[in-house]
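Provided herewith is a single structure, encoded as structure tokens, for subsequent inquiry.
Order of writing sets the labels: A, B, C, D and E. Residues in every chain begin at 1.
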Amino acid sequence: MNLTVKGSAQRYGQHPGSLIHVGPQRVEAIRIRFIDYDRKDLEERDVETVDECFPLRGRPTVSWINVDGLHDVALISRLAKEFGLHPLLVEDVVNPNQRAKVDDFGEQLYVVVKMLRWNEEARRVEGDQFSVVLGDGFVLTFQECYGDVLEPVRERIRKKVGRIRKLGSDYLAYALLDAVVDGYFVVLERVGEQIEALEDRIMTIRGGQGDLLERIHALRRDVTYLRKLLGPVRELAAELERGGNSRITEEVMPYLRDLSDHAIRVDEHVASYRELVSGLQDVHLVLMSNKMNEIMKVLTIFAAIFIPLTFIAGIYGMNFDYMPETKLAWGYPAALGAMVLTAAGLLFFFRRKGWI
Amino acid sequence: MNLTVKGSAQRYGQHPGSLIHVGPQRVEAIRIRFIDYDRKDLEERDVETVDECFPLRGRPTVSWINVDGLHDVALISRLAKEFGLHPLLVEDVVNPNQRAKVDDFGEQLYVVVKMLRWNEEARRVEGDQFSVVLGDGFVLTFQECYGDVLEPVRERIRKKVGRIRKLGSDYLAYALLDAVVDGYFVVLERVGEQIEALEDRIMTIRGGQGDLLERIHALRRDVTYLRKLLGPVRELAAELERGGNSRITEEVMPYLRDLSDHAIRVDEHVASYRELVSGLQDVHLVLMSNKMNEIMKVLTIFAAIFIPLTFIAGIYGMNFDYMPETKLAWGYPAALGAMVLTAAGLLFFFRRKGWI
Amino acid sequence: MNLTVKGSAQRYGQHPGSLIHVGPQRVEAIRIRFIDYDRKDLEERDVETVDECFPLRGRPTVSWINVDGLHDVALISRLAKEFGLHPLLVEDVVNPNQRAKVDDFGEQLYVVVKMLRWNEEARRVEGDQFSVVLGDGFVLTFQECYGDVLEPVRERIRKKVGRIRKLGSDYLAYALLDAVVDGYFVVLERVGEQIEALEDRIMTIRGGQGDLLERIHALRRDVTYLRKLLGPVRELAAELERGGNSRITEEVMPYLRDLSDHAIRVDEHVASYRELVSGLQDVHLVLMSNKMNEIMKVLTIFAAIFIPLTFIAGIYGMNFDYMPETKLAWGYPAALGAMVLTAAGLLFFFRRKGWI
Amino acid sequence: MNLTVKGSAQRYGQHPGSLIHVGPQRVEAIRIRFIDYDRKDLEERDVETVDECFPLRGRPTVSWINVDGLHDVALISRLAKEFGLHPLLVEDVVNPNQRAKVDDFGEQLYVVVKMLRWNEEARRVEGDQFSVVLGDGFVLTFQECYGDVLEPVRERIRKKVGRIRKLGSDYLAYALLDAVVDGYFVVLERVGEQIEALEDRIMTIRGGQGDLLERIHALRRDVTYLRKLLGPVRELAAELERGGNSRITEEVMPYLRDLSDHAIRVDEHVASYRELVSGLQDVHLVLMSNKMNEIMKVLTIFAAIFIPLTFIAGIYGMNFDYMPETKLAWGYPAALGAMVLTAAGLLFFFRRKGWI
Amino acid sequence: MNLTVKGSAQRYGQHPGSLIHVGPQRVEAIRIRFIDYDRKDLEERDVETVDECFPLRGRPTVSWINVDGLHDVALISRLAKEFGLHPLLVEDVVNPNQRAKVDDFGEQLYVVVKMLRWNEEARRVEGDQFSVVLGDGFVLTFQECYGDVLEPVRERIRKKVGRIRKLGSDYLAYALLDAVVDGYFVVLERVGEQIEALEDRIMTIRGGQGDLLERIHALRRDVTYLRKLLGPVRELAAELERGGNSRITEEVMPYLRDLSDHAIRVDEHVASYRELVSGLQDVHLVLMSNKMNEIMKVLTIFAAIFIPLTFIAGIYGMNFDYMPETKLAWGYPAALGAMVLTAAGLLFFFRRKGWI
């Protein structure tokens, strides 16, 4: 998860459209999965080199080539050449610091978003870049690392679930983006559970909560990160919904409207998470301050009761030769009694004031 | 009331338009109520199966089918097929996590909002999803659970109050939405009472208010929830008002303008509630801090008066052989007098400073 | 003044356009004032029943009927029938919870705003609903209670001041709204005086200011109330200025632009009042905290000086048999001297540190 | 400088377009300066009565009449009649509470802004109203009091600097507004110096800073005032830049774009001043609280060290007959030694904890 | 870095379009670099006077003249005359207080932005003004001081990298702006490192952190500065992307879209930096307050334990003749035991309360 800029030096001074893979290599080996289908037939396989996919071009089927891993610039460059991708498009594919956006290059429609994942161990959100290139009869997708978020879509293609085998490549692109956005809800649910767990901890247990502040701060960062990532997804979806892209058919438009609606919900969820976390922070501060005040109050009252008693003891500790009380047999018990009375009076006074 | 995402796992990986009911089943048995009317005639009954409603289709009357409970996917699927509903529309009907919105599917206009209810026991707002499908001569409504918010509309149909029997299905759809929005005002009045009660408690009673913080926090959550829910209703109403929907006649437009006006008022009320609650929170903090400070001040002054007295006592408690005062008969009363004078002087000084 | 929703139950379940007067009856008896004028002639009288006004309809004069009090639904209903008012318009007239707005019903233009009044006793702002219906040759106005804010307009009609007798009913409607908006400035001046008086109190007097917090809170509520009420007036005026209303002639447009300009100024004044009050609140908190800190600091220093002195006294209060100092004649004065020196040293140290 | 509404009572109940001068009379005598020029000739003089200017009307020169002082309503009324000004325009000229705005009255273009001045003595910003009426071949300007901000423009006219003598009355109006906006930068520079001086004081000197809070509060008011005044100037300039005003020629448009750019910069400067002042306030609070905490900490540690020592002294001050230590010759030095050790141990402990 | 206005006095009273260099002279000598190229040929040299560049005008090549240093007004004035630049354009070039903007003067397109630099020593951001004038076949650039941010572009021209030698002067202008915006990412990365370093310091080390507050304040200023500078760059890029500028060809439009995308990312990064810094400030305050509270709590508990013990000692320090306990042999050990028991009881009580 980065909220700050990384890897700017690697790209600095390069010409626009230059192919430099920025950031860490996230997978060991590039993996290419190829699916080609129409209403009747389906061909699916893992290929070694992209060249294996090229013979299938030009057929009236829908071809989907998925590349896991972005570091093999040569391979991506070959793909780009074969499918006639614009240099700026390819530059964005290999640079994993993109903002979610849609770019219409005429021949191709390019959409880039982040796939989100909840890292249970580190208890934080992580994101990988996901690029979709929608062209005439083909969809190219590029993922930063192996992920299974697209598996349900493959399954639906295999099992002919819904309309996926009946509609074209634009529906496939939609279905992939829809799967990514559905993944957001899963991550949001996890984050929501974190927030609720934290709320429970803050509101109930009052003991030592050493790491609470760190947890709240981490959650706040998570939510800032989500906002930064998912806000643009909403714009992207709205832009797709507005239509006007040459690559998208009328039949798919209602689905894009649905996608946009989901993206809006995601964004609004993040907004209310933000408010929840900030509310938690306030409550936590107030409770901490209350607890501290409670301690200080009890101790100060404690001191306030003993101070006059000690004073009385001090009086009769004075060494004056002529102190009549000290000669009396009942002087000592009387002094003790005065102390008890003073303490009781003060306790009564404090209680009536509502302080204890 | 959920502010966080729930049930995302159930839907994850499903194809768009798949019919999966998400979330808890809120009613035991589906209940179907059927009303069919025109200017003269009225037929109203509870039906067992949706098939009973179908023979009435195609007549120039207005048919209203109300389904309470969303878990019987087969039934809703039958309705959808009979009335030619779009798969995405049906998907939204059975998924009770929708954001208020209007979707124009050409043949049908789909509106989904939340009905709100004030839960007196838990002292919080609760919401159920309410879907309206407006088609040619029919209105279908789907509620999450049995509710009586629509009963006044039925009553008006029965008694021919207003223009409801003279206008078409679009007016019926409007009347239903209007009833839902009127329900918002009732809930807002309850929340407003809560806020005012809390304000009274904060401003007047100063004693132990152990749960005040929890109450303020709960109210803040309520208001956040209302804002999240009702903000989109305003947009929805504005979109309806702008018109351009094929299913809505010119005669009904002024009513939609009125609806939009109500929705704006709802939204502005929520905005000022938000400000009120946040103001309450500030005032509460300040009052708590004032009270704490008051206690600390009194106790510190208390200590400050006794400290010099104890010091005087300490002096005459020293065991020097040669302490002339201790030999004098009036030494002891003089010391006591000095103590009283010191205390009086300090009290006077503190009072002149305005500290007590 | 209500910031929260009231009276929603009374309207709940009513059909749109139903005539139910909501809220308290604010005047004892309905009062109807009638003015009819053209360039030359003027007729003015108080009428008992609305029917007295009807014979004058259809003449090329401007008729202005003003109704004080909203509870006589029958009367208003008669007026509505005679002048052909839309049911939704009449519903809004009798429901005093309207948001400022303009509604163009074609035949009539309906404008509803709040008249504001400064209640000197309760030191707070109060508002009454004011409805203007502008029709062909007539203006109907409805006030919640008797008010004299419209008197200057009557005076101008009587004395032919300005262009009021030369222009039509649209100018009259403008003049009435202008009078209402001018009244806002009077109220804003009062509120501004309150803010400045409070600022003076906060910045100068430092003594007991028990009710300051309540006053600031009240002012904040006032400003929130003004913002809620007057924000929509700005929109309303902008909408009138944009024109396109059939009932408004070209000649009156510059006046509406002027009205809009005033409404913007009102809104901006409220915005800066809001900032002022929130600034006051901050300053008040800081000053209160400073004062508290000052007290605590003085008292703590006080204690810090006596603590070592008491310790010295404690040493020589010990009962060891062999304490050489206690046998010396100058032991006692030396101990006292040590105490004085210690106190002086501490005072000097604290002063050099800048603490006293 | 007023942030609150003043003088509303004077105007209340007046008809729109009535000529009432509101607010204090700022100059003793009205002063009228008249300049008439074309490419070749220039006539400049101070006139006693406005009538002296009228014979020059209708010539193809540019006439500029500047009136200092707004209280002579009769004079302004004469001017208005001669130049055919709209009543609403004149009303705005004499009412010095205008919001910066541009009003196109067809025959004349009316622009009203505030001239700002830094009052070095009171160390605060002051503003006077400046009205510009641009008509066919003439420019009328009205100032609240004598000011020299327009002198550079006169100088440029006299010395034929730049294009001022080559272009028409619209360029003159632009040049005057540009001079006013340039004056804003001078005032902003002064305010910026105040902010930086305050920042230095806050960050360096830590001693008694009694008036810091007042200074910050005053600066905050200044910035609020600037924001209220200059925000509308930005809108005004943008409106002029958008063009469409009949009185402005194509040649002057780039200059208006430049003016708009300056107004945007002014507005953005005010925005960042606002942030700076609010940042200062935060830092000031934190530093004050740190200082207070530092004092309290030292004093509390002080007390914490003496409390156990006094306790030890208390033990040996007890009067038990059988206390073996008190009989020993080295009992007293041992007790003193124990005290020293205790104090040293506590000091060491506090230091290791990083508290001192 | 200035956040406040500087040098306004120098420009005050000047006519629009006057050539006055404002602010400090940043370089000793003006340096002029000249590059002229087409697809095949390239000529590059440093020239002494601008006149050396003029003979090359009119050829179908792309000429790029870069001027480092803005103080030689005569030189810039010569350039302006030769290339027919508008006076307002030249005025903006020599005044280094410009807001990032694009101005279309028809013949030339003028873009002004800031180049950013991270000053490692002062650990803060610095900015120099960079002006680009795009004309027919030429690009003029003006820098405040010598910089190497454009060197990569020169290198690409020399080595024919990418499309720079194939496209015209508009692509060159784009490439220069792109280089500047790429430079922003480098600076943002540095600032991001500062933020993360600070976060580490705040979250881990708890000792004396004297300058933390100053560092946070400085970072906050940096981020405010970046926001003020880079917000307009986003607008500028959006305006370029919208197109409609006569000087920009269709082929370059996708690149401008890319530039706009980068500018949006820059702006969003700054926005999240702002949130991060403000979050850090909150966390820092809370941690400081926690630490202070921890100290106060320990010391207060410390005092609370000794106060009753000292009271017990005080009792037996009283000089009553009849105090039976003092006569007993085990009186002293019993008193000591009572003290130990009291202390243990209090420690147990405080621990059970969770206070220690």
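Methods note: contacts are C-beta pairs under 8 Å (C-beta built on N, C-alpha and C of every residue); 3 or more make two chains touch, one makes a residue touch a chain.
From a predicted model like this one, the values you see are computed outputs, not experimental measurements.
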Neighbours of chain E that also touch chain C are D
Where chain D and chain E overlap in contact partners, by chain label = none
Magnitude of the superposing rotation for chain A and chain E (Cα, nearest 5°) = 70
Would the interface of chain B with chain C count as same or different, where same needs over half of all numbers used to appear in both copies?
-> different
Hey, how far is the Cα centre of chain B from the one of chain D, in Å?
-> 42
Where chain C and chain D are represented by their mean Cα positions, the distance between them in whole Å = 26
Could you list the positions in chain A whose residues touch two or more of the other chains?
-> 296, 300, 303, 307, 310, 314, 317-319, 323
In their complex, what parts of chain D are in touch with chain E?
-> 151-152, 155-156, 161-164, 175, 178-179, 182-183, 185-186, 188-189, 191-193, 195-196, 203, 254-255, 257-258, 261, 264-265, 268-269, 271-273, 275-276, 279, 282-283, 286-287, 290, 293, 296-297, 300-301, 303-304, 307-308, 310-311, 314-315, 317-323, 353-355
Flag every residue of chain B that touches chain A in the complex, lowest number first.
-> 3-9, 11-18, 86, 88, 97, 99, 101, 103, 105, 206-208, 213-214, 217, 220-221, 224, 228, 232, 281, 285, 288, 292, 295-296, 299-300, 302-303, 306-307, 309-310, 313-314, 316-319, 323, 325-329, 331-332, 335-336, 339
